[in-house]
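What follows is chain A paired twice: with chain B in the first complex and chain C in the second.
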Partner chain A sequence: MKWFEYGDEKISHREIMIAIPSMVIGVGILSLPRSIAGATTGSDGWISLLVIGVFFVLLTWIIAKIASSFPNQSFLSYTSLILTKPVAIVFTFLYTIVSIMIAAYEVREISNIAKQYLFDRTPVEVISLIFLLVVVYAVAGSRAGIFRLNMMFLPIIILVALAVFVFNLGWFRLGNLLPVFETSLSDYVKSFSTGITSYVGFGIILFYISLAEKPEKTPRFAVIGMGIPIVVYILLYITCLGVFGHSVTSNLLYPTIELAKEIDIPGGFFERVESVFFVIWIMAIFNTTVMALDIAILALSSIFKSKDKMRLILILSPLVYVVAMYPKDIEGIGVLGNIVGYSAIILTFTVTVLLGVVGKLRRVKQGD
Partner chain B sequence: MSLGSLFKRNKKDTKDKKQNGDEDFSVEIVNNLDKNLDNLKKMLEEPNDLVIREFTIRHTNHRGALVIIDGLVDQDTVDNKILMRLQRVNERKDLPNDNKKLLDVIYQELISVSDIKKSKTLDDATNSLLYGNTIFYLEGIDTVLIMDTKGWESRSIEEPMSEPTIRGPREGFVENLRTNMVLIRRHIRDPNLRFKTHQIGRRSKKNLVVTYIEGVVHPDLVKEINRRLKTIDMDDAPESGFIEQWIEDSFISPFPQIMNTERPDRVAISLLEGKVAIILDGTPFVLVAPFNIGDALQSPEDYYERWTIGTLLRSLRYLAAFISIFAPALYIALISFHSGMIPSKLAFSIAATREGVPFPAFVEALLMGVTMELLREAGARLPKTIGQTIGIVGGLVIGDAAVQAGIVSPIMVIVVALTAIASFSLPAYSVAISFRMIRFGFMIAAAAFGLYGIILSYIMVNIHIVNLKSIGVPYSVPFAPSFISDWKDLVFRAPIQALTRRPQYLKTDDPESGNKGRQGS
Partner chain C sequence: MISRKVCFIVSCSFLFLTGCWDQVDIEERGFIIGSAVDMMGKKENGEYELRLTNQFVIPSTLGAPTQGGGDSDAFTNISATGESMFAISREMAQLTSRSPYWEHLKIIIVSKEIAETKNLFAKIMDIFLRNPSMRRSIKVIVADEDAKNVLDVKPTNEKLPALYIESVMENSFKTASALEPVRVGQVHAYLLNQNSYVIPKITTSGEGIQYEGAAVFHGYDNKMVGMLDGEETKGLNLLTGNAKEGAINIELDDNILTYELEDVKSNLSIDTKDKNNIHISVKVKVEGSIAETFGTENIIKKKTLDEVEKQVKDELEKIINHTIKKAQTELNADIFGIGDMIKERHYDLWQQIKNEWDHGESYFAKSTFHVAVNAEVRATGSSDQTKKHWSER
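Up next, the complex of A and B:
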């Protein structure tokens, strides 16, 4: 419909700014304080969160710079320009696999948490299935619709994170944060390796920049967008430590959700706020899953030049479901999470370095 | 037989059918008066409200005839402004003898009706006759005069029934197209206010007017609406709802994509925002497009009261929308899945009241919900005087008796009553009705999966909304795609002085609607 300028396949740089935190913030933060606190001493975990965050902000900026110098070109086409076609196809394919795994991990994790906090009898398979069906419904709509969903949900999610922080101020003990700056360098490195998995997802700009109206503006906005999860993570991490203390935080399965449990709404209006918190957090996880599946479809359709989105959805979503159902228990899910996190980070890092270095060496410019 | 001739023949066949198979029937006006009148009578089959007045024009021996449909015309105009002028031409005795010249004199000097035109076809004449015009035939001339004498009984301007406000103009639209146009013109005296006419209905041939302010509205919006209106092909459009359903973007959606209103002030506000209004003859409901979720919870009153009050009312409406969609679903979810979330004291008292209730919460909620809908429907259908009885019988008697009988719990009655009140407080009926509809969906989801089901349904509604469009404009605007400068007239209603821009999402040609800065003080 070109008569009214709401092009459905073009997105603004502001929408990219919203999409990145929507993608990054997912299930990771729910257990993140545990792993970070486990690796560091006292409240030093925020330093690792900040350092990793800044590193990824830099990476985001580089990716956005590279991708935006090829306006309106898909990941496959500009990667082929720089790294030859077969390599580009391999990378696009790898992205499809990683995206499917991200989606599967989110689906599985959400069902597990839902099982723990909301249901006792409903089987995980059913919980996952209906979640996945809603995801499929979103992906089947227009791509612009997905960005609009981000825009509708992200403010609610940030508001909820802030609410958790504000309502917990009453339980906050500064003494819990001590000692500070006592973590050894090797422990920092260990905490980096556990922390990076929570920042997975900024690689979406490699794909979505081809849809941007003004690609030259995107790097700046992508960086701002990447800043949002850092702030949210550090805020929630500090709150966790301040409320629970170091040893409790490192032993809770989902410290962030437990944080919501501590909230006591004045007047006892309703109890067990953690269920409400998790229920709203489902929106965040939903956005991550939708974009992961969408990237998988975008990547695959660029390889096969297929215009039939519905067919790809019908092929990929059962795959997501199968992968999601594969882990037997909570440890298996943790392993899946680690595999997903590391492979996504390594892939994005490799692609960025290759694109940057080879692009510089071969001096590939747009329109060649 | 070639294809071309087949086509021609078919065309002729249909024409014949229309003319009742009369062979020497002609669609042209001929020179013979008797023949002309005969043709007209045959075309309409001489209905008894067809009045043909034959007479001789005074001081000449020319015969003429006036044709009207009784009741559609203003008798006074026909008698005094037309007939009398033709029969008592005292001032001028030198009327020309020549037919043509005589008709010119009649056209230019004698008849004192402002809207008058000439025509040579019978189709034209009959159509305008059915619109309430008067036809004048003169012997020996193949031209008729069509004079505008419309004047039928119509309802006077009253306060709109479906959208009462406490403060604001009391005028509402009526069934008469012309009056409705006047009502809008009286709000906006801009020479750029445009009224473009379409004719709708194969048989009813109703007038439909598209209204907008040129220079404000995005031209493509008008083009698109006109394009969609041209595709309408049906016998009749008794109400603007037919038009709405024909041109809306998605017929599956539970949400109205075009606003309807009875209030001229609301239409005027919308036109000034850069929207387009569609007025159909014969109905007081005027359509306004495009429409979005932000508009769904607005009322013109928000602008008439001071901004603090306006803002408060709007937030109240968002709360009302929330309650009217979620309340019963939350009740079901809390009772059947997450009873741990209810504070223990309350949980005990709820458990105590639900002691004798034989049904699960979902059945209970469904029972009361359906009863509520029935009561509302009954209240709307009954005459006003009895309508109140229904309120008492339904609200007090059934509610109380149901609790006494132990069919439903008192908490359920509170929830249902709250939901009903909340949905009544929404300003647009069509929006309230769609919320009622999705409420039942939420209840089913809550019964199946508790809070998880509710949030997934909420996400689904959002997915639907972001993919929905109203005449090509995203329904979720201005939330997403976000137009931040439009947010000051969304939940929050900024002071009038700050509302200096028309909604950006409409991409108007003239974005400024006022000057910044306070006047006075």
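Up next, the complex of A and C:
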């Protein structure tokens, strides 16, 4: 059997721009409105989403700046330059672990949701396995193929988010958004801590910029890419509040899915629009999972200098499956989600700060 | 090598292609389109004995529109009793050959006794809000009698009672004396908040149903405290601006004149300087036309029109004030959503009064309403006079 090879393993800066939102938008937004509304008063949650978003846009820009100043060098090699080799290996290894956990979490969460809404009697284990097999198939191919899938899926995903907003305008009540600016500072802080986990994933540019053709252009495009999830999140959050009101939003398990269920196209010729929403959103989660697994493989292969991708996939994907199956109930999945979210954010934040500060102090430049 | 790989993939696929866990043939599904819940009594252990009646569609008798469906009923109502709704619905699966399928549920009817029992209405709604296969657009109604009776009506022009009731509710905008249908998603918000709310009321009359009036619930204990009749509901709809169409009868020189409401806009403003006497000013602007008159006046004269407008204004103010009085004194329930408005616009004040809004200290009952209606006659129909009463001259 032959693998189809694309002509180039290089990606353009536009593909970086698309990859970031494709990675960030995943299962998080399905339950995000609940946790944000639960922590804030009235419609103030959008402020939290914006503040966290802007903070991460800034972080993304710094990461892109650092990574793009070492063109065509992998994360391991430029981190070794700045922070010495052992430290670089540790961080690369940590990234492998976090990426495996992200992939596992996405697999488990989407299987759970699919079981709840679509397959009543199919075991979660089977749904997860089948989803994971498709993910493995995508990862096993060319890396450029993944980026092309992103390019294809992201517009559809954004279109569906917009459709959910437009078709719900009929149920939208502006009064539901009031009162505004009543949240106390401590509540904002609480909402920040629940909100940050939905922005996980922008760290991929640490690895992917080394593949970019014109690295000097990536910071600007990475920032634009990171802006997309902010807009999508705020749009869906406001729609949830306007349609359901504050108290219902904070009590629905998956407000965004319920939003899709609310859609009622007049005339009755097309009912059950949420099935379309599910299909599209599974594409979004598929992209996230594929890239997470791909980063794990990219990181690991840079440590072991292994060229055999298939072997790494065969080692890592059972691991993903085991981690995904570990939580027993919905509470356990939530805990896994929090661990994944916080560890990813803390890791990326630490790496960025270390690279930035030490790089400045030691004046490491390419070719030193 | 290749053939071994292919063999492996093919044998793996057998694992997944053998069948589908969730497959249920459409012929084996029992589509439920309406549910009615009644209370049969209280048990010794303090739990209530509930009766759930589900209306199942029998697709074969529906037939194609041109063929007609024969004489047999196109639905069957199956009842079962028990303590929890889910237990009842499982029991029901044993009573029918088709497995109950909830995705197409359209209406939920709850009997008056359930509504009058503290928190029971909220308990029953749980399953409709929890089951992921049900939609949040299911309509909720309170029956003035046994809820089962309502599902048993045999409308002459429709085959399925539940769909008949649903379309009657959809037509509610034709008269101002019925509430807009309330969806179970809205009920979720009602149950989570502590403000009072109204749910449409339904009664059977002969072969059909009458969809008029409203059941008033207190938000803090989710208990029905009373009902509004058609006229009082009209007052409520006028005040909140939800009335779309409707008719008002006035008397002009001892003859009935019917004014048709065509557009109602209401504007509420709240003065919260003194929380013990909140002033609420209600400005209602109605536009409409003269639909019918029994008299013989030249109605296109300015004087006559002014008189009509004045009479309509007085009549509407009377209706609205009557509803306000009933809500404040008899029911002590804020059915107008004033509490929501205070919460939205005067959040600090709301934090102080929210626990004593329409019970306890009852700031709602202490507040003062100022109602001002502005009525306009936009059209008089296609004739001026249609008759002359020669005999009365």
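Criterion: the second predicted complex is superposed on the first by the 360 of 368 C-alpha atoms of A that agree within 3 Å, B and C clash if a C-alpha of one lies under 4 Å from a C-alpha of the other, contacts with A are read in each partner's own complex, and residues count from 1 in each chain.
The definition used in the following text is that a contact is a pair of C-beta atoms (placed from the backbone, for glycine too) under 8 Å apart; a residue touches a chain by one contact, two chains touch by 3 or more.
Not measured: the values here are computed from a predicted model.
J.: In the overlay, answer first, second, both or neither for which of chain B and chain C A:72 touches.
T.: In the superposition, A:72 touches no partner, neither chain B nor chain C.
J.: Between chain B and chain C, point out the one touching more chain A residues.
T.: After superposition, B is the partner touching more of chain A.
J.: Looking at A:338, would you say it contacts chain B, chain C, both, or neither? Reply first, second, both or neither.
T.: neither
J.: Once the shared chain is lined up, is A:283 touching chain B (first), chain C (second), both, or neither of them?
T.: It touches chain B, and chain C stays clear.
J.: On the A-aligned overlay, A:193 touches which partner chain: chain B = first, chain C = second, or both, or neither?
T.: In the superposed model, A:193 contacts neither chain B nor chain C.
J.: After lining up the shared chain so the two structures overlap, which partner does A:119 touch, if you call chain B first and chain C second: first, second, both or neither?
T.: both
J.: Scan A:137 for contacts with chain B and chain C and give back first, second, both or neither.
T.: After superposing on A, A:137 lies in contact with chain B but is clear of chain C.
J.: What part of chain A is shared between its chain B contacts and its chain C contacts?
T.: Looking at chain A, the two contact sets intersect at 1, 118-119, 122, 130, 272.
J.: Using the touch definition from the top, list the residues of chain B that touch chain A in their complex.
T.: 218, 220-221, 223-224, 337-338, 340-345, 449-456, 459-460, 462-463, 466-467, 469, 471-474, 476, 479-482, 507
J.: Please name which positions on chain A make contact with chain C in the complex.
T.: That would be residues 1, 41-42, 116-123, 126, 130, 175, 178-179, 182, 244-245, 247-248, 251, 258, 261-262, 264, 272 of chain A.
J.: Show which residues of chain A lie in contact with chain B when the two form their complex.
T.: Result: residues 1, 3-6, 12, 14-15, 114, 118-119, 122, 127, 130-131, 134, 137-138, 141-142, 144-153, 268-272, 275-276, 279-280, 282-283, 286 of chain A touch chain B.
J.: Which residues of chain C touch chain A once you look at their complex with the stated criterion?
T.: Result: residues 2, 5, 16, 20-22, 103, 132, 135-137, 185, 188-189, 192-193, 340-341, 343-345, 347 of chain C touch chain A.
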